[in-house]
Amino acid sequence: MVQPLNDMCVIEISDSIAGSACTKTFSDYGARVIKVEPFSGNKIRRMPPFKEDIPDINGGAYHLSFDTGKESVIIDYSSNSGLEILDRLYQLSDLVIFDTEVEKTKKLRNIINGNNYPSTVSITPHGMSGPFKDRLENDMSILAWTTRMYRNSMENMSPLRNAPGSTLVQIGHTAAAVAVGIYWGQKQDKIRRDAEVAGVEAVLGNVDTGFVSWIFTGNLPERIGGQLKTRYPTGIYPCKDGHVILSANEEPWFSRLCNAIGHPEILQDSRFIEDRENNWQAFMEYLGPYLEKHDKNYIFTHLQEHGVMVAPVLNASDLLDDPQAKARKSFVKIDSAIGEHYLAGAPFHLNKINDESFKLKSAPKLGAHTNMLLNELGYTKEEIIALFRAKITG
Amino acid sequence: MTSQLLKGINVLEIAEVWAGPFGCSLMGDLGADVIKVESYPRKSETRNAGDPKLDPRVAEGEGPIYERINTHHHGNRNKRNLALDIRTPEGREVLTRLIKWGDILVESFSAGTIDRLGYGWDTVREINERITMLSLAGWGQEGPYLGRIMFGVGFDAMAGHSLIRGYQNGTPEEMIPILHSDATVPLTWIVAVLGSLIERERSGKGSYIDLAQIEDLAWQFPGIISEWKMNNRVASPVANSDPSIVPHGCYKSAGEDSWINIAAETDSQWESLVTMMGHSEWAELKHPWSSIIGRIDSRADINSHINQFTKDYDSFDLADKLQAQGIIAAPVLSPPDPLMSPQLHDRNWFQIIDHPYIPERLLGGFLWKIEPDPPSWDQRAALVGENNDEILMQLGFSSDDILQMRKKEVIGDSYDEATR
Amino acid sequence: MSNKSLEGLKILEMTEAWAGPVCASLMGDMGADVIKIESFPRHSLTRPTSPRYATMPGEGPVYERDALHHQGNRNKRNMAIDIRKESGKEIFKKLLLDADVFIEGYAAGKIEKLGFGWQDVQKINPNITMISIAGWGLEGPYKNMVTLGAGLDATTGHLSLRGYPQGDFVDTHPNFHSDATGSSTIFFAALTALLQRKKEKKGTFIDLSQWEGLVWQFPAILAEWTMNKRIPERLGNNDPHIVPHGVYRTIEEDKWIVVAAEDDNQWQGLCEVIGKIEWTDLMHQYSNIVGRIKGRTEIDAAIESFTKQYDGFTAAEILQNNHVIASPVVTPPDVLLSNQLHERDWHQTVNHKWTGPIMVGGHLWNVEPDTLSWDIPTALVGQHNEEILTELGFDHDYISALYANGTIGNHYEN
Amino acid sequence: MTQPLNGLKIIEIGGTVSVSAAGKKFSDFGANVIKIEPPSVSDVRKIAPFPDDIFHIDKGAVHLAFDTSKRSIVIDHLTNSGKEIIQRLGKDADLIIMDIPVTEAQDLINIFKDGDNLLTNVVTITPHGMTGPYKDRVENDLTLFGWSTRSHRHSIAGREPLRYGPYAGVVQIGSTAAAVGMAAVWSKRNEGMNRLVDVSGVEALMGNVDSGFFLWAVNGALQPRSAGQSSGLYPSGAYKCKDGYMLFSAGRDPVYSRLCNAIGRPDLATDKRFTDPEEKPKNFEIFKKILEDWLATRTKYEAFDELQEQGVMCCPVLDASELENDPQSVYRKSYITRNQDGIGDITIAGPPFRMNGLYSDAWESKPAPNLSEHTTEILQEHGYGTQEIIALFRAGVTT
């Protein structure tokens, strides 16, 4: 079976994780993705971890995971000769993803004109206009703008970010959505579109931020860390061999939980009916012993049988052995620059699990496809060497 | 007082022309004590000239012709001179003592000759096991070409260099013979002999160094052999062009037989160049020439445009203008032109040498500057036998011995102009 | 909906909470005709019947005033149908007939029981794309388990990385990252299937496990284990390879600022601002990356003594003007202080029957030439019942009957 | 066994052809040569030919030949963090050779200065030297050669002056730096004194022998830009033979008379037309005809053997395809062929000189390193910790 995006060609010109994360999904579902990189390589190649902690421009975990199946070409597009190559490249492609400083993106976008050129998506921290457009941001400083760091932390302790890189990934992933949208649009109505994704807006405008709630209620989120002690139980609770996370503060889950841990009487107890927000301690006298007695996987299975929303808190070492992950082959072993390597598999499955629509191919070595691509673009051997010699390609 | 890097190293030179002698001068520049044992009574190669009126190598002036030949002056500064007939028993005694004295023996006879003279490596190291002996025969000391003779021009031809010089579509007859090995071999052998002295710190013994001048050329031209081995192509002359760079060449400038080299290796250099030429549109993205690709396709066109532009400018002025814009450009200098360079004057590169037989002139300076002890031209090219007595005394001969030697023409301080 | 990228696509959304509804709104933003099939008579998760923390005070039904619901339901029409009823199934079948995409968010197996599993749906419309977005997917041992985004965050290992270095897990705030990123995944999946349909000329079923949709986003967590047999430790806001990289106090109580200098140039800029220019002198150990890693504590202290003189916005402005990574840690009200967002007209003012005119957060992206707009505010329960049913060809009497027998409705019982 | 330069630590900075040629002189004789390459990619790696004309950063012929026996580390020497690394690598080195722009070179020299006291030997290679009005000029192999007066001298009057083979000029500049660098190493070992050496490309070429200026300076007479075959002092230059060309340097006695005997025309040795300096130039064509007739019946190698037998200075003119098979090259193994990972067999020139025996192991040419092949290894050697090494890599200071 042919992969769904196999007749599509995407150009990625990216200085951060976001661009790579954006085009990964295209590539894994069959699109040809051409990564245009500087001599020093896309920054994502320098993101640890590395095998045995030895830096390797072709062996970083983010690169191996997010550049799967792509082609890598080195082009210095700061020069006219470089732009001339890009121009030919654009015309070969259906979509261009930019993730560079605003001014650079504008320059690279300017040579695009007319509807026989591809649609583009430009990723920036604050957008292509406005007083902040040229600001320097990173994964953490963008998250700070989205009210999430403030919310996901405790009073008078420093606000907290999410896992390193995850904000840029979300931004790139958002760009992937609009990208496939305008690609579809151009296929339908032949109109070339330029989309822009501003990191701050993409995250702030999404769910799981405190902004809209505040607009509605004027209440600041309580910075109370993991356990909400007014509307409980929700959050992270210790158990025999680790932690579980509960979302059982509301009905019908609260009742289910009380039944599941064998204390239906809680539901009749006036302390929890009339004055729940002040009786967390009292409630823990029922829940605490149950949690202490059992390990996280038992609690997970047992409470879920009663339809309670609960999950174990897992760490890296648990992931590969997770029964669900095994059953669905959620992790795939592939050959890579560092040898055998595990990657997360399909984010979604067409028709059936592990069908052919999703394929993970190894990530390209820096510049591995430059020569091939220049040939394809019609350059002669002599011209190709000249470009290399002039440090325009590598 | 010149640089003292090699202070305490005694160098014994029995060599002619350039590859040997010039290297010894460089060691002299660096503080080594160099004694040149000059052929006697036969004049050494660089002291031979024909009729001074006809032979351009001879400087006008009084005194013996063999002291006025430019090729000799170029390879013999900063050393002492002993004119010695080493074929005589007394001469051999002197040479033996010199070998005892020396750390380095440099000989450039054709292969085998030094052995026939009785100073092969085995003899030499018997006399002084700490000495390093350097032989500079063109093809080295072993192999089928033992005994053959040639100047640097021949090694250039046999190393494959000659055939990639020359004009595009020119004939080999046009190829001007060059002495590249004479310029580069000394640089190599200095590394060789000093390396052997470092080795001596471990072994306590000197080394024998067999340097084939043709092999020293070979490593300098990896492109020639590789074109053949990698891609089975025999490299042809590229003259001043570069297959990957346009423009890259030599252009006519104002004045008779006057030229300027210009290269634009990057798009920004190209943009600056065409802007000066009043054609900034050639660097605009729309124009094919704005890309290296377009330029390569129009090499001839572009070269003729540049020639049109350069022909009215003085090459030094134009180079100044182009360089001010970051463009690679340099006048092509004729021999007198270096005196026009403010740079060389600013660096006090030129040296004024006081020599009894050639008029006072600015000569070329050193290959390098050194801090804190810069090289200086302490000893001009010595006259033949100029230091005979001093050296022989130092070797322990009495003034009487020296008198005898002079009588028997074992040593001397003049040549018979007529003989070769 | 002035952007027309997805014009002509008809989307049926039968999901709750966030991932599904937001995805449908994103499609609406881009010109698709999105119909939300809302649970009836049971009110959906984001429509509480009694006021709670995210409820806007005021007039009208509580379930029309909840922020969590408004966050994910713009630019779509709304039908409230009881599809347990045969009459409800009949309406839904009609809707399926000419729909392009059907997104459902029930727990695994539920939709089959209702008679709209893939087997049934593709019989009704062979060209349709159906997407199921159960938390752990439709197959495997966990298929029957229930969860919100927070549970997925915990089981992908993300939770194990968040939190204060010396803190306990119980201090770590649950988050809903899978909802924030899931909508894009579903969006991408739907269009991937539609592109596939162009080739294969038939519809597609998509089993989308939100867990799988999240776990690929954290390559480092898995790689530390598979590459180096290490369980990555909680770093808080630190970065083992970058100093400075952290969150610092400002002049305002419990208000903070992020500052990072990732290379020597940014460090130069930082030192100029905080008056430590000697720290950039080549001879000073902090002038280079390696030296700074050893001096984390002293450097953090120096930065904080600078940031404590200003509010976060001002300090960020000063640092950014000197090419240093810096941003205020923004609280919800602070969002309205950003000149950037105002200059870009990002905020949207919508007028909703029960909330009145409010300023809410804007779109995730801009598109030119046909820009996005917020044409349909969050629809009321069943707001478009008549309109859509009429399109489907039901007459007025029949529609009244449907109301009468509780097949459809436009309000929830409290 | 120990090679003569075992124990020497040499740092080369800049990645140009010149500095690579300089470093090779040390590395093949056993010195520990660390090649510090810029993130912008070393020039020496960009030069054709490449196998099958497919460019590759690790497969350029000049790189494969000049970077033998070295280790490669990539450092951005413009950043403070990069300078700190170079300082650590260099302070116990015997010699640092750098070929970078003057202002950058000055910065790096300063990190090796403790007051006025220099911590190690430094040789700088620049086009025009570290001082003077031209110090910041940009030049390349062609323009430097133009400065040397050799282009003008070794080409034909009225036609454009010619350079030598590509890179001949910059390679010679590198060799010049190696020679003086070696002297500095020697001196450091003896008196523990470090030196700052400033090699200007123009001066290194112009000040060497075969420079037209020097010859002119002595005698003030301009030698004509003669054609290849001298019509004054002949035979000199290339003459056609059966299968190619022979190059002669036989214009003067005794070689001239030997030539006359060798071609069976002893009479010409005393013929006034060819011996009288006044007459000789007028009769060039006559002699040329005689010599070419004789050569026409012989291959270049036949003529080479016959004439050299008589002590005539001459050589066959060889092209690339003939180099390896020349009997002398074969006997001495002047070219060696060996396997290079990722390429297969490559052929490079053997030792420039033989120390203590033709095939002694004083010289050993190990394969040229891939770009950055030894970055981590070298950083570890110099005391950088695992996470520090990753931090430097992440910031792009190393690669």
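The letters A, B, C and D name the chains in turn, as written, and every chain counts its residues from 1.
Going forward, contacts are C-beta pairs under 8 Å (C-beta built on N, C-alpha and C of every residue); 3 or more make two chains touch, one makes a residue touch a chain.
As the structure is a prediction and not an experimental result, all values here were calculated from the model.
Participant: Both chain B and chain C are touched by which chains?
Facilitator: Touches both chain B and chain C: A, D.
Participant: Where centres are the averaged C-alpha coordinates, which chain has the largest centre distance to chain C?
Facilitator: Between chain C and the rest, the longest centre separation is with B.
Participant: Based only on mean CA positions, could you tell me how far chain A sits from chain B in angstrom?
Facilitator: Once rounded, the distance between the two centres reads 64 Å.
Participant: With chain centres taken as the means of their Cα atoms, state the distance from chain A to chain D in Å.
Facilitator: Taking the mean C-alpha position of each chain, the two centres sit 53 Å apart.
Participant: For chain A and chain C, let me know how many angstrom lie between their CA-based centres, rounded off.
Facilitator: Spacing between the chain centres: roughly 12 Å.
Participant: Which chain B residues touch at least two other chains?
Facilitator: Expected reply: 243-244, 265.
Participant: Of all residues in chain A, which are in touch with two or more distinct other chains?
Facilitator: 47-48, 50, 53, 385, 389, 391
Participant: For chain C, write out the residues touching at least two other chains, lowest number first.
Facilitator: Touching at least two other chains: 241, 262.
Participant: Strictly by the criterion at the top, what is the full list of touching chain pairs?
Facilitator: A-B, A-C, A-D, B-D, C-D
Participant: In the complex, go through chain A and note every residue touching chain B.
Facilitator: Spelled out, the residues of chain A in touch with chain B are 79-81, 83-84, 111, 379, 382-383, 385-387, 389-392.
Participant: Can you check the complex and tell me which residues of chain C touch chain D?
Facilitator: On the chain C side, the touching residues are 240-242, 262-265, 280, 282, 287-291, 293.
Participant: Which chain A residues qualify as touching chain D in the complex?
Facilitator: Touching chain D from chain A are residues 39-41, 43, 46-48, 50, 53-55, 57, 367, 371, 381, 384-385, 388-389, 391, 393-394.
Participant: Taking the complex as given, what residues does chain D use to touch chain C?
Facilitator: 79-81, 83-84, 110-111, 384, 387-388, 390-392, 394-397
Participant: Which bits of chain D are touching chain A when the two form their complex?
Facilitator: Of all residues in chain D, those touching chain A are 39-41, 46-48, 50, 53-55, 57, 372, 375-376, 386-387, 389-390, 393-394, 396, 398-399.
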